[in-house]
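Working notes, beginning with the structure itself.
By written order: A, B, C and D. Residues from 1 in each chain.
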Amino acid sequence: MAVRVQSESFDPGAELERFGTGPDVGAVVTFTGVVRDDSGKLSRMEIEHYPGMTERALAAIEAEATARWQLTGSLIIHRYGALAPGERIMMVATAARHRAEAFAAAEFLMDYLKSRAPFWKKEIGADGTSWVAAKDADEAALTRW
Amino acid sequence: MAVRVQSESFDPGAELERFGTGPDVGAVVTFTGVVRDDSGKLSRMEIEHYPGMTERALAAIEAEATARWQLTGSLIIHRYGALAPGERIMMVATAARHRAEAFAAAEFLMDYLKSRAPFWKKEIGADGTSWVAAKDADEAALTRW
Amino acid sequence: MIDVLYFAWVRERIGLPKERLDTGATTVAALVEELRAREDRYAAAFEDLASLRVALDQELSDFDAPLAGVREVAFFPPMTGG
Amino acid sequence: MIDVLYFAWVRERIGLPKERLDTGATTVAALVEELRAREDRYAAAFEDLASLRVALDQELSDFDAPLAGVREVAFFPPMTGG
């Protein structure tokens, strides 16, 4: 169980490599979020967060996932600061005995991260800057849990 | 899009590291299956497969996932032969613009791999040997797609 | 005295990330009214409460919540993590 | 002539992974009947068809399927990949 909030990049391969071992682990799921450049005009994404609250919110989300599913491991890494297109923004990983738990917990973590962790994204591009708006679909996704 | 059926081990970290890049990729999901030792008495798992049909079945499952979701990448690696507890059996990875597609496609691949790819597992332990039985729940999981 | 924090476009509209206020407001809504009355940039930031979220002492809360005992209030748009 | 393949415990019960047969069976079910009649080990392997699966030319099929044109038949228990 670990939460990391950092401006530095991380190596998802190395994280996966050392994640979720032990005799009870049968299934490991990872999700990696990447800065997309839909318009081809994005020069960077700036991620702002709320130091202090971010760590608390992520720890609470992780604790909730651990309470709901029999996880043998979980990991949340989320970056802030300026990121170029193609850079990894964040990663979650879950380990469990069976695949259903690992998948459900990873999706739960992602759904809550999207709408309940205090991060805000600003896109800086050739056409100007804009804050990424929250999507109704992301809020709606929470109702399934 | 790639399918690999092999006896050699693989490095899930290195696979993830080189998987799913490009301006359209926003979300990467991986699943790694590991040999579990519930009883503490497993000495090894032997995975038998049907050479020829295995590759066809995996390619068909991957093609079906690619037809159903807008994937920007997919990968299936599955081992056969003798594996020790804790060793990685298999891995799938999916890349898409958004997380919902990447998660759904990865779960789809796993559900079909479980019941439609010609692999059979035998557990060799201190208490003897036994073939792993297919679970009704795994067959039932296919009905959701 | 209460610390008030602003994030994302709320911060940009108001023009500062944080300030310390001496307020008699007993609820978040009353604090918002007080801020709106101060200057246009506050009025602009708090124009549409439906597009804002509030945290009290780093826990998500709502605009009806009482401020008694609260040391830190934060206003921000809906979060976009992940 | 048709290649018949056996996997997992079907292979173990019958005692070989593959054989070449000259058969007049026109369906999978008829082939199974022919095999069952051969020897006890075949009868044991094909005792419960509900616990068996069949592939024709490396595609999953079923026991009612015709054998016309088929070159390779495989019998095995339900698959347990992943």
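Operating definition for what follows: a contact is a pair of C-beta atoms (placed from the backbone, for glycine too) under 8 Å apart; a residue touches a chain by one contact, two chains touch by 3 or more.
Just so it is clear, the structure is predicted and the values come from calculations on it, not from any experiment.
Judged by touch alone, the chains other than chain A, held in their current positions, sort into B, D | C. Touching chain B and chain D at once is no chain at all.
Comparing the centres of all chains, each the average of its CA atoms, the largest separation from chain B belongs to C. Rounded to a whole number, the gap between the C-alpha centres of chain A and chain B is 23 angstrom. Separation between the centroids of chain B and chain C, computed from CA atoms only, is 48 Å.
Distance between chain C and chain D, defined via averaged C-alpha coordinates, is recorded as 72 Å.
Multi-chain contact residues of chain C (touching two or more other chains) are listed as 82.
Touching of two or more other chains is recorded for residues 33, 99, 110 of chain A. Across the complex, chain D meets chain B through its residues 5, 7-9, 11, 55, 58-60, 74, 76-82. Interface residues of chain B, counted against chain A in their complex, comprise 11-17, 20-38, 40, 85-86, 97, 99, 102-103, 106-107, 110.
On the chain B side of its complex with chain D, the touching residues are 33, 48, 50, 52-53, 56-57, 78, 89-90, 110, 113-122, 131-134, 138-139.
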